[in-house]
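Here come two complexes built around chain A, the first alongside chain B, the second alongside chain C.
For the complex of A and B:
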């Protein structure tokens, strides 16, 4: 992986992390207010799940460079 | 009759709001892959200033124009890293010089 490609992937990872953390936080707040009597745990669960999704996406993105993809021709 | 229906209606409203929130998040690609996420972030950043302007017009307020601050976190971080590493690489030389200066100073004091 070239440095430029790695830099772009890391930028995407960071942006994705911010988005998913915010989304998880927001959904956690919505659920906490509506269903769980304003407890804190849905908010923590939502933020944690968001961060976990971002981590998983980043992991797959960084690994995809070293995997052989179905749309690539295998030369014999 | 109405007293029995009210909790059901409340629950249905809450489920509707929560389900709508989850659907909006899913539909705008916030829960998808990393490319969709960064696209959504770019769209949000582009949409914020016009949205603020519209709201200000609606309320008839005049916010003082926010000066266009040319601040790039990436540049700030990179220059910070370069500064730290250059200081670290100069540190042994500087330490040696300061030690000799200190020793000289003490010697002159003791004369």
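For the complex of A and C:
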């Protein structure tokens, strides 16, 4: 079902976002805790990085159809 | 054969010369080669007569020297033969025939005188036969010598055959008479009675000899006639081989006839000569009888032979006899005187008569000799003719043989040619007839065949028609059945399409499609169509329109949300924007699509509304077409739906085609003829 593809992708994006955000947050927290003397910037960095990564992944995932991939290139 | 003839001729000539009994064998030998019984008879008779002739000639020659001399004069080499058998001949000059005749006549006259002179001596008048004409020798000494031989000759004559008897007794008797005449002239009267007795005896002998001679002559004639008839019969038989024998027999017959004629002539002459004497004797006999009658009238008891009755007669009788005798003497004297007067006349008459008789005899002799000559000439001619005939026959035989050979060759050639011609003709006729027959037969058979073929063709055509009709019926029925089956299967297929649930596809169309495929194996169109069913439908089945509609409705919102996303605009922001658009844009739920899409109609929202309108109105195809116009992400989203719709549409199209076709086929087959 092609109509569920988007849903799945969005689910993945969301999941990924959550994870990345979480992870980023986590890491950020960790880092902030650990390394950056509980500055908030690593948390925000981490979360932002996480969120950004998630956004980027989502975007890539959503675009992946329109982009030629290396293996496809090879096939061509 | 010729040699035999010559030998026969020579032998017969020699026989005429008279070789005697020794010669008998030769004729037998010569004639031993006869082949037929007639010829044997001829041969035997000729043998007998010829032998008899020869023997008689010889014996007579022995007895009568004149005859012997005549024979020796006429026949060559007979003198030597006679000399061989009989001894040398006495030398005698033979007076000619006429002289002998005259002599004999004189002798007869003398005898008459003697008889008249001695009237008291009753005697049988002695016929004085003349010597036969063939006798050449003088009789006087011959007679003296022949006299003792006479009785022997008579005896011999009894044994020998006919001609001898004819010849010899007459000759002998005449000779004896002549001799007795002479003797009588010389002898004294006392011997006259002896002489008369001798004369008597001689006369008796003569008569007996004459009768014997006539009998013998008759027999000879009979024999000659039989011989002649035999010869004629054998001539009639026309047997070629017997001809020379017949000729020889004829010659012999002729010779025998000649001899017989000669002898008969002699006898006749002798008889003629003796006629006078016989007349005289008859007269004397008559006188004697008359005298006897007178005597008997006078003395009835006296008999004829009164010489021995001298003692028994009475004187009266004697006187009467003497008186009668005197009377008779007177009468006789008177008659004598008369006779003397008439002597000359009588002599003339007698001479005339004799001349007549001589002439007759001459004529007879001439005619007989002429006959003989003619016969001889005829025989000669026959002989010559025979020889010629034989030669000619031989030649003719050879010629005929040659001709026959030539003829057979010619006939053979002609026959061959004719055979060929006839054969060719016959073959031609046969072949033409055969041809006719064949053509007729062929025509008939052809006609029959044609008729039969026509009938057969007609029947066959009808049968074929019937078969075709049946077949066509069968075919039609088959087609109808198939069409029906197809239709049924297509209906089943159609029905299976309707089994599509709300959210599930239909049952896989494979079985129905298989059935359809089975039912339309011969039908290319249907089978093509059946093949054209998409594989997905066969394996998975198709979705129904309702499910598709429902799905579309669920898709619509999604498509609205991603309406702005395409290749170039596919960031997350765009996503956000499109979501925002979808949230904020409101379009009509269903809008009837225009007949022609313009560029502004290619907006997804419009398209969606068109599509949903179409879907709501059951135009899946148009909806699919409209949905097909979506681009970008929207297109990606509706891709599956589009595929499903396409599948369904395809299937539905095929099925509808099939059903239409099945309907058409069914209609076609169920058409009334």
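The working rule: the second predicted complex is superposed on the first by the 66 of 76 C-alpha atoms of A that agree within 3 Å, B and C clash if a C-alpha of one lies under 4 Å from a C-alpha of the other, contacts with A are read in each partner's own complex, and residues count from 1 in each chain.
Note that in this section contacts are C-beta pairs under 8 Å (C-beta built on N, C-alpha and C of every residue); 3 or more make two chains touch, one makes a residue touch a chain.
These numbers were taken from a predicted model, which means no experiment stands behind them.
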Chain B or chain C, by number of chain A residues touched: B
Touched partner set for A:20, first chain B, second chain C, both or neither: first
Touching partner for A:34 - first (chain B), second (chain C), both, neither: first
Which superposed partner A:3 touches (first chain B, second chain C, both, neither): second
Chain B versus chain C as contact partner of A:59, first or second or both or neither: second
Residues on chain A lying within both footprints (that of chain B and that of chain C): 58
Chain C contact footprint on chain A (complex, rising order): 1-3, 5-7, 55, 58-59, 62-63, 65-66
Chain A-touching residues of chain B, taken from the complex the two chains share: 14, 17-18, 21-22, 25, 30-31, 33-35, 37-38, 40-41
Residues of chain C touching chain A in the complex: 551, 554-555, 558, 561-562, 565, 567, 570-572, 575, 633, 636-641
Touching residues (chain side chain A, partner chain B) in the complex: 11-13, 15-16, 18-20, 23, 26-27, 30-31, 34-35, 53-54, 57-58, 61
